[in-house]
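The next part holds the structures, each set out as structure tokens.
Look at the two complexes coming up: chain A is in both, with chain B in one and chain C in the other.
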Partner chain A sequence: MKLLKGHSPLFLTSTFIILLILLPTFTLISELFTPVNENWEHIKEFLLKDYINNSLILVLFTGLITGVIGTYFSWTLSYYDFKLNKVLFIALFLPLSIPPYIAGYVYGGIFNFGGTLEKITRALEVDAIRIDMLSMPGAIFVFSLFLMPYVVLVTKSFFQKLPASYFESSLLLGQSHLKTFMKVILPLSRGAIIAGVVLVMLEVLNDYGLVKYFGITTFSTAIYKTWFGLGDISSAIRLAIILMLLVTVILTSEYYLRGRRRVSTSRATVRYHQKKKPSQKVKGVFVSIYSIYIILALIIPIGQLINWAGYGLDRVNLEGLITTVVDTVKMASIVTILVIISGLIIGNFNRLFKTRLSKFYSRIVILGYSIPASIVAVAVMTFFISLDQFFGPLYMGLNLKSNFLMGGLVMLIFALTLRFMAIGFNSIEGGFSKLGIKYYEASRLLGKNSIQTFLQVDLPLLKPAILSACVLTFVDVMKELPLTLILRPFNYDTLATKVFVYAGDEMIHEASTYALIIIGISTLALVLMQLLIKERDHAKS
Partner chain B sequence: MLSLNQISFKYKNNNELILDDVSLELNEGEILAIVGPSGGGKSTLLRVLSGLEHPMKGEVVINNKDVTYEKPEKRAIGMLFQDYALFPHMTVEKNIAYGLKGSQKDRVNEMLQLVDLEGYNKRYPHELSGGQQQRVALARAIAPSPHILLLDEPFSNLDTELLTKIRDELFGIIKSMNITTIMVTHNEEDALHSDKIIRIESGQIKETKVLK
Partner chain C sequence: MKKLLSLMIILTMVFVMIGCASNETAQENVVENTSKEATTEEASDVVVEEEAVVNIYTDRHYDTDQALYDAFTAETGIAVNVVKAKSDELLERLKIEGENTEADLVVTSDVGRLYRAQSEGLVKPFASEVIEANVPANLRSTEDFWTALTVRARVITYVKDRLDPSTLSTYEALTEPEWAGKVVIRSSSNIYNQSLMASFIALNGEEAAKEWAEGIVANMARDPEGNDRDQMKAIVGGQGEVAIVNTYYIGKLLNSSDEYEVEVGQQIGVFFPNQDTTGTHINISGAALTAHGKRSNNATLLMEFLTGEKAQSDYATANYEYPVNAAVEPSDLLKSWGEFKAQDIDLSLLGQLNADAVRVMNEAGWE
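Moving on to the complex of A and B:
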């Protein structure tokens, strides 16, 4: 029997949070039992196949390309000793600060009729190069460029922690470097690579802005169109459920594809691989590919945005811009605080109880991130419609509007907290598991109750994990588009929705200033994160 | 002073009894050593006694008061953990003062003098040697004047060369303060410093030996 009983405040608050996470999904499922209408018959017969095909093509090709390129970058930088290895790694993560929808507008604008490329060819008096960027291959190209860092992020730490003995024994058994990589390293790292690729795939399914701009009908655009274009909630819910099934297939495949291979060590101390000097050939190939990547994923988009912003600077409404920045920062801060508080409660519950129920709670929180924004939007909206109906008589008595909850910011804050809880929770749970229970128990035995222990011992020790969680959540909320777009109240804008609206109205110059602010804040946060991690590693050593 | 009456304990999701009808008595100032094989229930007994786990049956009585379901912070029990569990974000003096109420400085200095670590107030745990860390952990555990002191494998992290010296010092301090102490150990030689030894196997007391 544990020190903490099942009815402790920690258990009750954790259960309350988990119920809030699950309730919208239950509402969604219950709506599935309403009778189908004509729209759904039409969608099923003529459109559904396209939605599935387009979504699958995008997901599979982007996954494949990012998997190959990401693994190449990650392995090469982990195995070889280049000058400025750390800087090269950090630069590789920076494209993550450019959301794919912004990158889509940039590349769309460059290759459009009368776009930047045509202007350059005209100035150079050479034949115009025509590439139809607003197409499926164009979307795969943009997604791959800007989501690839996820694969590097996941595989990097795996490669760096591979014991040196794996390479050495393979080389001593007569295998070449290439064969060692193919026969030993690649099969061992399959799990990490697949985990990175799955992250990319979920991001592709989550996207709304890019596919909408490129005119590709996927589940995200279909759900949005069915709900707001046709006003058909029931069909939108059915589409959301099918998308949910697709996500389940991806997550289940990940589990089976990872297999049973694991890195196991029989000794407590492991000698890690010492980086080798690359040969001229390896160096030449790497520098070429790396440079092309950085030019395409960093220099061109940022250069183009700065150029456009310069054209649109005189038309920027400074007051409106400041209001939008303040609103975005406020929203991101509120959601970040809620995510951190929820993460601390559930993470602490899981650490102290360690029961099947507490593990299930953690799993629920983590799974939240794999649910695309369009599903979260539909589920939350359906849930809030029911809430508003339920509280209808109360609203009348208090003289409030009949859509009191739906019409305000509460619904958006709730949905964003739900969507990004996993991001904050992952960091915090990692912090708790490193901390363990020994300091907690020592503090209790020294006469402090659980709240004093949390404030005086746990919280200061969790500071690095909480900071990482804050940075990651804040950046993701700030960049978020589909949920904000669907659930925002009338006349409420964030930087992301402004970019979307301006770009949709062919006002790309105006959109660029807002896009650059998003990228600027995200970049600062990402660099801060890297420095935090570095400082933590330094402190450990 | 302390009595455990017919204590039984098992972990959730596990039907095996870790402690099976364990009873023992201890007088004020006595030192009890608990020996026995790994997994026999020695450390669990300490956890039940300290209130970190609650027994499924039986009672824990300290100074004639039933504390079986009392929270750990209310029991006035000090514990020296196997890995010391010194708070890494606090200095030596803050670690020692952690369990104290009201004016602390004199008591902290008294404890530092007792464990021969004067001048180390401002150091952080990672700036101390293993032996010094153990002495800080001991000072922290006894600073609030607990009724009972629990030692969980206190010498397992020390080098053989240091062990004899530190063990003598530790028992010297405990005896000088007349604290009722229970020590879990693998080492028979450690156990010889106690007044009484019990051997626990498969959750039951198999043997009791009175030394002094």
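Moving on to the complex of A and C:
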């Protein structure tokens, strides 16, 4: 590619974005060089071993379960025609809008002493069933249910754009549907599946709310115990960096696992798969697994939340609800737009240049997601205080407050963008790598400049990937807690902080109303996305 | 390779830039502050409304607190702005913000955090005779760095129909073999357990405290899980015989809209342990002026209001906490449990010994 020279605007903007991501991280890394204190030995002896084990068990099992079930749903819905595929997909994404820690309360509440299950068995006068939900298997169960949509969302756009020729050839050569899937599709889609599973794993590693309630000690318990309990933030940061390094290793190996086998469909004659009618057997199996999932991950929790919201309705304070909803949606939208723009710039840079540097950039993007949120918050605050001090003279000239950046929403927006860059970027990168470079080359040869090419050729082709990135980011920001909680300005609330304020003090009934509103808005966002995709399909035909 | 090099160069440049920035700012701050003080003094005469504000960082999330702030605004015309978050993060934010903080008052629901704020220089003493009259000396820091707003006791609860409270005596007795498999308590990540542990270290020394922790771990009916309400549900449901919980959660159960929770609350008996020895463990929620707050007078006024009779009786009735103001009676529910002797220790010790408490619990294998 001699068309592109090193220091293009794309390179500069990418570098700028990457620097913004890296700078706060540096304040953390400088902690690594402070001498080890006496707490460190204690942490190593009493916290690390068991806690790492627990984390590994959680991450591996959740990853495995979500990977298998997510891929099954995603593939079946992409390959077969169930008439209502779009609706089925939407319902499948909805559990994503329920934060795992709320789901933890829900399932804890159902299986608790005197919980919903016991009430039901009592009413039916049957023997009580006791399942200890607040346990390791319980945590894996809850995480798997509510994080599985990540896998579906990431793999879906991949499956739907697979050229029909792949499985048609395989089928013509006498392989069964199952064998075709195992031998042809699975190897091809490994990268997409792993990308989805990685998101799930990062989410599990970072969770503190659910594991704390369940009484499971994980790596993040160790971090928070060190920070809050021992009051030793530098050891806490050290732990966080170890976690970050671990994650980097996982991601790098993921990248190599994905390897060079990229499926790019850049051929003028590409024909996408026409969905097949499922056989009775396929239909039966799918419908039963799907129904069980929807009941467990959607109907039961929503039912329980409605039930609780009813209990708490006379106490929950709904004053200023409209402002909170508007603020939440505004914040989620702003962050989503920033994430998408940055994702597009870096993704495009990585696609066009394919140097070691560009690959390095695309890995950096994930950093923000691999550090526990509270630590990110500390890093971002430290970064912004030095920014404010740096611009101090300028503020005085402009008659601004001395904490202009810190005191407003800029800091929160920055931190959220940094954090969710990984989520958006993952989808976009998938889109780019499938797109390949041939369309781009053709367009440039035919005389369009790079901006025209991007807007007129790349962007329309990337639309599904961008839309799924949008929805993922939007829903994630809506339910985000630790960063919003600590970095927000005075009197600023989102729906998630409202949920926390109640749930954090064992007032789950009052919290339920706000949790339900989050689910409602996320549903709207998902439906909107499907409509946008549909509109595009119509335009094409 | 070339690009990698250019990246390195850019990174070093940025580092240098930041290094310079932070060096310069130290000096700048001094200049800035002196000039700022001058301007704000002038400005304060002109813009009076801007001053009628107090900014709070708080770890207390109850709607009743907001109602109290509203009442304060109605009474004094001073607007109350709030950031609600977890206390550890709030203190970290306060620390990082340093002189630039907008916060005037910090409210936490644990004395250990107040102590940490004090020892890290994040708060400054208040000077108010009103508060001194409202709050007994043992519920304030010795140099008035902070004051309690409410008191909670961490008690032993049991199921009234099943257990004769005369079999209960002290926290220490729960480590005896007869209680094997009968004690439920939440995890050691919980701050109330950490403070309980710290109080034992303060009273009995680290060795004895560690023995206690090991004894409790050995007698646990299950691995720690859930919150305080869940512990009481467990014993009522038949898992374990005694639960160690904070008093106000019993009030919350009794006043829940969930019939089952009310039922649990009604079956729960409250026992104040160590009445003949060291006393029952108490913890406080409290408030302190931030060291760099710009509206400390307003903040002091708010502290006076919150420790005053009206606010105290609201705390007592709405949230089932013990009032700190002696002129205010606890709610009827709290009175029905009877009076109790509290641990007689300097509450600051709970903060001072927090790290030791965590260490001891880790060593005892308390999850």
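Rule of thumb we're sticking to: the second predicted complex is superposed on the first by the 342 of 541 C-alpha atoms of A that agree within 3 Å, B and C clash if a C-alpha of one lies under 4 Å from a C-alpha of the other, contacts with A are read in each partner's own complex, and residues count from 1 in each chain.
In the analysis below, a residue touches a chain if its C-beta (ideal position, glycine included) is under 8 Å from a C-beta of that chain, and two chains touch if they have at least 3 such contacts.
This is a predicted model, so every value here is computed, not measured.
If you stack the two complexes on chain A, which partner ends up touching A:Gly504: first (chain B), second (chain C), both, or neither?
In the superposed model, A:Gly504 contacts chain C only, not chain B.
Which partner chains sit in contact with A:Arg356 here, chain B, chain C, both or neither? Use first/second/both/neither.
After superposition on chain A, A:Arg356 lies in contact with both partners, chain B and chain C.
Which partner reaches more residues of chain A, chain B or chain C?
After superposition, C is the partner touching more of chain A.
Quick check on the superposed pair: does A:Gly312 touch chain B, chain C, both, or neither? Answer first, second, both or neither.
In the superposition, A:Gly312 touches chain C alone.
Of the partners chain B and chain C, which touch A:Glu441 in the superposed model: first, second, both, neither?
Touch status of A:Glu441: first partner only.
Given the touch rule stated above, what does A:Pro460 touch, chain B (first), chain C (second), both, or neither?
first
Across the two complexes, find the residues of chain A that touch chain B and also touch chain C.
Touching chain B and chain C on chain A: residues 355-356.
Taking the touch rule as given, give the residues of chain A at its contact with chain C in the complex, in rising order.
6, 11, 15, 19, 22-23, 26, 39, 42, 46-47, 108, 112-114, 118-119, 132, 134-135, 212-215, 217, 221, 224-225, 227-233, 308, 310-312, 314-315, 317, 355-357, 360, 374, 377-378, 381-382, 385-386, 388-390, 392-393, 396, 402-403, 406-407, 482, 485-492, 497, 500-502, 504-507, 509
Where on chain C is chain A touching in the complex?
Chain C residues touching chain A: 1-4, 7, 10-11, 14-15, 18, 21-22, 25, 28-29, 32, 36, 55, 61-63, 66, 81-86, 88-90, 92-93, 96-98, 100, 102, 116, 186-189, 191, 194, 222-230, 233-234, 236-239, 249, 252, 256-258, 260-261, 263-264, 354-355, 357-359, 362-363, 367.
Please give the residue numbers of chain A that touch chain B in the complex, ascending.
1-3, 355-356, 438-439, 441-449, 456-457, 460-461
What residues on chain B touch chain A, complex-wise?
9, 12-13, 50-56, 71-73, 76-79, 81, 83, 85, 87-89, 98-99, 101, 140-141, 144
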